[in-house]
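Next come two complexes built around chain A: one with chain B, the other with chain C.
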Partner chain A sequence: MQPAPANALSTLADPPTRMVDGAVMDYFLIEAVNALRVSSAVAAARAKKIERDMAEAGLLPPPPPAKQQNPRDSTSSTTGKIMGSVEEEESIRSRLEAIGMHVGGNFAERLCRDRSLFSDSLDAIKFVCKELWVSCWDKQVDNLRTNHRGVYVLQDNAFKPIARISSWEGRQEALRRAKLYVALPAGIIRGALSRIGFHGTVVPEITTLPQCTFQIKLPKNT
Partner chain B sequence: MPPPLRLNAVAFISPQNHPILIRTFQKGDELKYHYVAHTSLDVIEERTNGPAKSNECYLGLLYAMDDIAAYGYITPLKVKIVLALPLTDSVVRDSEVIMTFKALHLAYYHASSNPFLRLYDTPAGVGSSRWKCFRQRVDEISRAIGGTSVPS
Partner chain C sequence: MTIYSLYIYDRHCACVYYQDWHRTKQPKRAGEGGILNAVSQAVSPLTPDGAAPTPSAFTSPRNTLSSTTGLVVAIGEDPPVQDPVEHARSSTLPFDEEAKLVYGVILSLRNMVKKLSGRDEQFTSYRTSTYRLHLYETVSGYKFVMLSDAATEGLRFVLRQIYNGPFLDFVVRNPLVPMDSQVQGIDNDYFRASIDRLIRGLSVFN
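Our next item is the complex of A and B:
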């Protein structure tokens, strides 16, 4: 009877890790971005409809007439349909980043269990580069640069979420679409850092696929 | 066989020093354990910010009051867990206490991962009915330690 409590406590303290299929996880993240894009298009359309109804009922001043599409501003995309307006992209990106922040914070909580306290911000960034990157994206960050004043640049030469993006419209189009898919990872990094205690901003940049850099700005008081 | 460890109370404190959950397992009055958690905060702060900074998560015995021994643990994310054990003469093994702290940390992690419950926004704190699962986990941990007392 006596060994049973010890075993129960140790299973509670250190439960066997549950696994998720890796390929399923990749598909899920890709489809999540698409689903959110559709969902936020629906939400934006709903908001616009309510605005129109209120304007017709006289509660709101009528919206300004829609700006004409300036022919000089046409982008290099060869298809006529532009993938949503700029504000819709922004709203999707902020939603993805908010989701990422929640995921990142909780993930950091789970990963921090067996390590000691963080000594300073460089320690936290190294934790992000090594442990977080390995658990989320199966490799470590390839290059870390800092100016020792709170700005860190993390470079990954084959970032997993965008490693397989390609578009039949060409490199530039693929690059443009890939920008949305790195919003979630940027949120994860930001969430992990803010849970540790460093509230900063994370800006992802893609220059060539599949290379991706994240610029992290942390406040200078550490 | 050494007698099983009994647990008097568990307290979770957030990084901003707000209490998250204080759960007592004895028929004593709850306010005493609120007080215990509060005074432990000072000791924890002194141990982590003082001149002799340690990088360890487990802070060991914080202090001992009338019949309570308070043990502290701080996670790397600055969530503090305080365990109030009855002051007995039997030896308290560090490994058991550390395992208890890890189990408590995991229970907190499971509770806070729920995206539908925002931990730091609810004014009602953790007493509301939505956090039932967290309380159940903490009770389960206390039962696993070997305590036979019913949580109050």
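Our next item is the complex of A and C:
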């Protein structure tokens, strides 16, 4: 009788740690983005109100007079609206990334419990591509590229958090709104790397749904 | 043996989704404010400047019966069947009235069955000489209504499959679809495509 292949046995004996329940994560992310959106709007409104109050009390110089909304000048009003919503999106995105960093750091603690120290940054990136991806999203990264100078590009052809995003208004709109939902995973990666000692930045990019790439920049001295 | 159309209603009694495969007469577009935003490209009211709403990226390859403007008349239909709702009026109803009519029918029948036999009985389907209507209702109040030809049995199971598959995947777990909103339907590309795949893969479909 043929002995079973070694890695099949070892996966049975020591199954990879699954940290995240896919369905729960989806529901959580949906609610988290909505809640953060409302919370950011409230925080922004409160900050504006404080500014206005201080300006009225004379503590601050009065804010520059708001551009008169010329009803026939459509360009200025649309840029005003777009700037406002970009700022809002940015604040939600940074909060999601901060949450992800906490989560990623703790995942790394749990996953690195039994393994040896990381020899260099490439080793750490490989850990992210295999063990972190498997424990969070049940698959491995599809493509890893590097320029050997601290920049790594991880590509996932069917990234789980954005696999179901589809909008009534078409592909472009879905793509635009999906950018917010990869902020948390980017934070998880960044937090995990920083907990094991590699502090860098992670920038997610979506070209076509559901393909997603993460560009990781680590400092060069390791 | 074939399947005509599918309606989905939410617990606020509004039609949130519509899809059809065979219809003798194309559905007439709803009037302004008649139906919710994202129900179906083919039946949404035209925008005020007269342009049709942007066509969704999904067009079924074998769907010769409808275009995005909804003007193509069905050709090559086998036994000539009249869409059941058309019998009510001589001219075509706009879609929102048609949806309300279907909802009214199932609501009344459901209430009547409950009164006659008690709370445990459920209305599942009714049949006329030309068509059969199947209803599957979820605990959360979503009602899946499917119209098929009169010979088809047991489509309740298919409706349940639609709920467990495409609906859970691409409506419940889709961040961009507002579930319990009173202003928007649940139409989106992936949902439409996966329902279409499921229905066309059935043995009872044509």
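One rule holds in what follows: the second predicted complex is superposed on the first by the 180 of 222 C-alpha atoms of A that agree within 3 Å, B and C clash if a C-alpha of one lies under 4 Å from a C-alpha of the other, contacts with A are read in each partner's own complex, and residues count from 1 in each chain.
Everything below uses one rule, namely that a residue touches a chain if its C-beta (ideal position, glycine included) is under 8 Å from a C-beta of that chain, and two chains touch if they have at least 3 such contacts.
Just so you know, these numbers come straight off a predicted model, no measurement behind them.
Visitor: After superposing on the shared chain, does chain C or chain B touch more chain A residues?
Guide: B
Visitor: According to the stated criteria, A:I196 is in contact with first (chain B), second (chain C), both, or neither; which is it?
Guide: first
Visitor: In the overlay, answer first, second, both or neither for which of chain B and chain C A:R110 touches.
Guide: In the superposed model, A:R110 contacts chain B only, not chain C.
Visitor: For A:D14 in the superposed arrangement: first (chain B), second (chain C), both or neither?
Guide: In the superposed model, A:D14 contacts chain B only, not chain C.
Visitor: Let me test your reading of the model: by the given contact rule, A:H102 touches which partner, first (chain B), second (chain C), both or neither?
Guide: First partner only, chain B.
Visitor: With the two complexes superposed on chain A, say which partner A:S119 touches: chain B (first), chain C (second), both, or neither.
Guide: After superposition on chain A, A:S119 lies in contact with chain B alone.
Visitor: List the residues on chain C that touch chain A in their complex, please.
Guide: Those residues of chain C that touch chain A are 37-38, 54, 56-57, 169-170, 173-177, 184-185, 187-191.
Visitor: So in the complex, the part of chain A that touches chain B is made up of which residues?
Guide: 2, 5, 8-10, 12-15, 102, 106, 108-110, 112-113, 115-119, 195-197
Visitor: What part of chain A is in contact with chain C in the complex they form?
Guide: Residue positions touching the partner: 23, 26-27, 29-30, 33, 164-171, 174, 177, 181.
Visitor: Give every residue of chain B touching chain A within the complex, in rising order.
Guide: Residue positions touching the partner: 1, 4, 15, 48, 55-57, 74-78, 96, 99-100, 102-103, 105-109, 112-113, 115, 140-141, 144-146.
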